[in-house]
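Across the two complexes that follow, subunit A remains constant while its partner is subunit B and subsequently subunit C.
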Partner chain A sequence: MGAFVGMNNLKSTNKTVATSLTIGGVIIAVMMIFGILMLLAQGGVIDVPDAMFYQFLTIHGTGMIGAAALAAAGVMWYFLNQYVELSRSIFNWFLGLVIIGVILVVIGVFSFEFAGAWTFLYPLPTISASAWGTIGALLYLFGMLILGTGFLLLYMDTGRAIIKKYGSLGKGLGWDVISGKKKEEDAPPKAVVASTMVTIVNTTAILAGAAVLIMNIINVINPSFTFDPMLAKNLTYAFGHIFANAIIYMAVIVVYELLPKYTNRKWVVNRVFLIAWTMSTAFTLVIYTHHMLMDFAMPKWMLIMGQALSYANGLPVLVVTAYGALMIVHKSGIKWDMGSGLAFLSMFGWTVGVVPAIVDATIVVNHVMHNTKWVPGHFHMYMGLGAVVMLFSFMYYLAKVDSTVKESKIDRIALWCYALAMISISVQFLVSGALSTPRRWAIHYPGWMTPAVFGAIAGVFLVIATTIFIIHFVRYMKNRGKLGSDKYEQKTA
Partner chain B sequence: MRKPLYIGALLYLILIIPPIRSYMESIMIIHMLIQLPLLMVVGWFLGKYIVYKAPKVFHAINENGVPGMILIVAITMYWMLPRTLDEALTLPQYEVFKFISLPLVGLLLADSWAKIRDVGQIFIYLNYLSMFALMGWLYLDSPIQLCNNYLITQQKTLGWGFIFITASMIVYVLQYVFIDRRRIEE
Partner chain C sequence: MVQTAAWVTSLVFMSLVFIVFGVVAWKSRVKSDYEHIKKKWYKARIFYATTLVTILLVVCIYTLRELPYDLPIYGEAQDPTIVDVEAVQFGWLMSETEFKVGEPVEFHVTSKDVNHGFGIYDEDLTIIAQTQAMPEYTNNVYITFTKPGTYKILCLEYCGTAHHYMVTEITVTE
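After this line comes the complex of A and B, so read on.
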């Protein structure tokens, strides 16, 4: 096993990774507050000017996706680095570029009032009816471009390293095992398979995103340069859908790596596992078209494909992962702690969160539910209760193996508090959706307000729980390396 | 080691010959996608020779290849803008600049490409990939004539040219990442 790659620089490696998780975690907590403010405004509790509501919406969407992706990339990097040789200086560049990008975005949104949502759908950045000016739009668009460049660098490095060790990205996905040329025992580790998948889909997403961002920039600078809006929408959602989706595929690596260690059992990579990941790779690339089910000008076959494959999109990976997780935990006498508890919770959240998505991906239902709060209901559940929980799971895991900081009763209470609060927020969205409350509306009719207020109250508990998680991680950062890392453990064991 | 020098110089002379030059510039796609790249090829051959002759100089000014690469990106991006082609046709000083700056790009490329190593190369490659796609889109989709000297139909042809280049680049990436070259080398 190539488990000792990068051994010598372990301490600083852990520090770099931990930095990405701290930044990501803190931004997520802050963005939750903007989420609460939005719900309070929609619930009629506080008075937020409409323009400001959309600034909140923009920063909340961008911040959550960006921060979760940043932290998830840290998780992926940490584990992938144990199997292939990654460049630490590129990870530092990645961190730096993402931070610069975030700063530009924040300035664009708050100082120059850009409020075109994180989907920056052409031609909205230019045609804002004077809600914001050229500078705000440019700051936002350039910020996103720089952020994307950071991620592009990172995936180039992971791709390069995987190809170097395994020969090609196809082999990183284990295609030679699927085709029977290689034995299942020699299949690439799960962390490598997942990283290969993410490298493929996110490089594609970022290239599409870069093209459409520059196009928007050209249009903002000189509006007489116009582009085909339908093509722009395709590229925008190819970027947004894939990039947001990939977060959970990076974060899930912690589940793969953690549960076998806790249960002292092997979680083998078999052919079914590999096929599932290859299928999800392909589906993730093409199903963004479910964002265009209302666009009658789209070719019909693309929409049908978008619908059909959306049912199946995450399912292969979800099924093999949830099934594998259950099998490995079942009767294993696992010792539950924060790391494993959160990992298990995330599997629950992911599984449950997919159900509303499947319902909504049906064209018939979509014509009714499209653009209602049903949609945020789905993705808050699977992001907030799935992907983000995996990140916290990793934080506790790292703290455990790399320091002597102990988990306390407060942490355990926070776990339950987090789970209940996030479920409440998601259900609140789903109920609103069922009431036909439109999404992205600053103002609600009185009949729509109750769920929003309920969600805001739950949000407060969620912020408290998240803060407790982060405090634990910061305490770890201060006591880092006291115990030695898990690789150190493996070596001495 | 003088061969690249001769090849480069010869190609340069051919490109300068007035009838050839004005023919190439009369068709937009040939101007942008053949003449300009050939000028870079000229520089690349000359660069092989010059870098070989004066490695110390290049080591001093372009040690890791990044300065050279930044200049390359700046100059090539400049020549991808529609109006620069126009100016090269109407204003002689721009035409002269074109015949100097693009060989310079080739020269710098000969020196920098290996120096920026694999990660740098992939990064530059992917950036040009999305840039070419965008240029294709821009030229195809623009409802207005972008140059005084070229008609809209010429513009569309150029757009398809860019799309073709992009598609070829994507095919190249796909075979690069999915074919295991280790076995072929063995």
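After this line comes the complex of A and C, so read on.
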């Protein structure tokens, strides 16, 4: 089952994947700058016009999730392609559509002043109080739709390839092993299990997103066409929550693949592992209602389930993935480098981010924390210290196995700088949340300003560290294919 | 205060995660037999998982006892004051803005245009309750003010480029 396929075109495969990582990485760095500008404005250090602030907010949220998802899809594709036959032409289509989508979104936001936030909560795209017009809203909404179509195309291909090799998506999740029909030794590899999960949840998310985007588009063109705002909100958060969450489930494949190589230990796929991934599949699909705990008109049982299942959703990572990562590293004699160091850091980020997420999913807490800065606090941990770090880990890994570019002391300093900066940013958000500071506010009252300024300063260090990571990867891009293989074992043999 | 409890709880468990990862990283350079580690720590996982599930279950059930959605049980001759709240870009239309300490109040919150958030802040700018203000739907906030003062209503759902100006005040007297 561990046999590698599709190794003939490694060089061009690596180029395709590396392109998605480079675009994703650069956009993430640029989005960080918008983040710093917003924090400086909230901290009273600089004066940003209101409309511009909310344009930054819109592009920051959309850009970060889009870019991280693009790069994470590259990571997933890279590893999944080693077990099933994926279509490179579809990946190129995916890349092309995402780029077109991004261009439309950027034009919509900066040329036509669309500032409806990534949530574009119906009917805000249409009713903007004259802040933006029809063209801006349509450019943004169509941009998102095209971007989503690119991702949908990609997941149709991953789903096709998994079904072709394993028989069904259920078998890709190892249900035949869970049920005892197959032995654990014959379970699908971790990359396949994770990719199957992401294929299922993100296809669902994109369909939900497409539905609400199309309804918004029609409403923008013809405001007399209206629909239920609660349905729209459900669809928006079903899309946004699942899509953002799936980033880490794509990116974590790098941790699964790297740590066993670095520690020379096996990270086996057993029943517990497979059950955990099935749980994650189910929970990720349904727990988006924790974004709607303050929508009292929602059915009460859905909101209670939102809390209970959000608690349960912490278990697969806390008991299986993070625990497995700790076990495999513990007294392993691992040789730390950038790839392994970032992989380990990312598992810390994911795990630690679970804590404030569970706290916020508690209805009585959400009653005083919802839409405060506590929320960006937990997802900056999860995204910035978890998912995005996994992407950087993969970048260093690929550079190591596919080029002669060496890691330097500056890279190692950048790792520590990144970790400390991202922890500082996350904590200042949490502190702000505990102080009741509202999120998505262009200005702050004096008592709320200090953490924002602290976060902005930390953000500068974060951008510096990220730039160093990207420079290393760009150097790899220039020296790519020098080793002619991406198999770590071959290099270290 | 709920915020303090949330912050302290988070800090304790986040520190615990930090310590565990720190210890594992610290000891990672030592080399030991993996079979032995697996045997020991798979056994420990059963205890860890059981403890974690128990804690989560207990906390989940405990915190679900009283929910902000539930209509309070009013005493005899204790009629709540009903306040109609309508959000509109970028202000609040409220049928009443002056209340007494101990007076049960029900804010019936809706919106005329887009989604807004109805957040009640006390004099220290600490949030004490909130709900979403949605077009076509009405959400009820049940509250009995315990302290006199000037409270602020802030919009807590992004509603357009003057979102942060959507602030009004209510007064609570003895």
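By our rule, the second predicted complex is superposed on the first by the 479 of 493 C-alpha atoms of A that agree within 3 Å, B and C clash if a C-alpha of one lies under 4 Å from a C-alpha of the other, contacts with A are read in each partner's own complex, and residues count from 1 in each chain.
Note that a residue touches a chain if its C-beta (ideal position, glycine included) is under 8 Å from a C-beta of that chain, and two chains touch if they have at least 3 such contacts.
Given the structure is predicted, the values throughout are model-derived calculations rather than measurements.
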Three-chain arrangement built on subunit A, subunit B and subunit C clash or fit: fit
Inter-chain angle, subunit B to subunit C through the CA centre of subunit A, in degrees rounded to a multiple of 10: 100
Contacts of A:Val45 with subunit B and subunit C, given as first, second, both or neither: neither
Contacts of A:Val26 with subunit B and subunit C, given as first, second, both or neither: neither
Partner chain(s) touched by A:Asp228 [first = subunit B, second = subunit C, both, neither]: both
Most subunit A residues touched (candidates subunit B, subunit C): C
Partner chain(s) touched by A:Ser87 [first = subunit B, second = subunit C, both, neither]: first
Partner chain(s) touched by A:Ile275 [first = subunit B, second = subunit C, both, neither]: neither
Overlay on chain A, subunit C to subunit B nearest C-alpha distance, Å: 13
Contacts on subunit A seen with subunit B and repeated with subunit C across the two complexes: 228
Residue ranges of subunit B in contact with subunit A within the complex: 118-119, 122-123, 126-127, 129-131, 133-134, 137-138, 141-144, 177-183
Of subunit A, residues touching subunit B in the complex: 87, 90, 152-153, 156-157, 159-160, 163, 167-171, 200, 203, 207-208, 210-211, 214-215, 218, 224-228, 231
Touching residues (chain side subunit C, partner subunit A) in the complex: 2-7, 9-10, 13-14, 17-18, 20-21, 24-25, 27-32, 34, 37-38, 41, 45, 48-49, 52-53, 56, 59-60, 63-64, 66-69, 89-90, 113-115, 117, 119, 121, 125-132, 134-140, 154, 156-164
Contact footprint of subunit C on subunit A as seen in their complex: 50-51, 54, 57, 115, 117, 119, 121, 123-124, 127-129, 131, 228-230, 233, 265, 292, 294-297, 300, 303-304, 307-308, 311-312, 314-315, 318-319, 323, 326-327, 329-334, 336, 344, 347-348, 351-352, 355-356, 358-360, 362-365, 367-372, 374, 430-431, 433-436, 438, 440-443, 445, 447-448
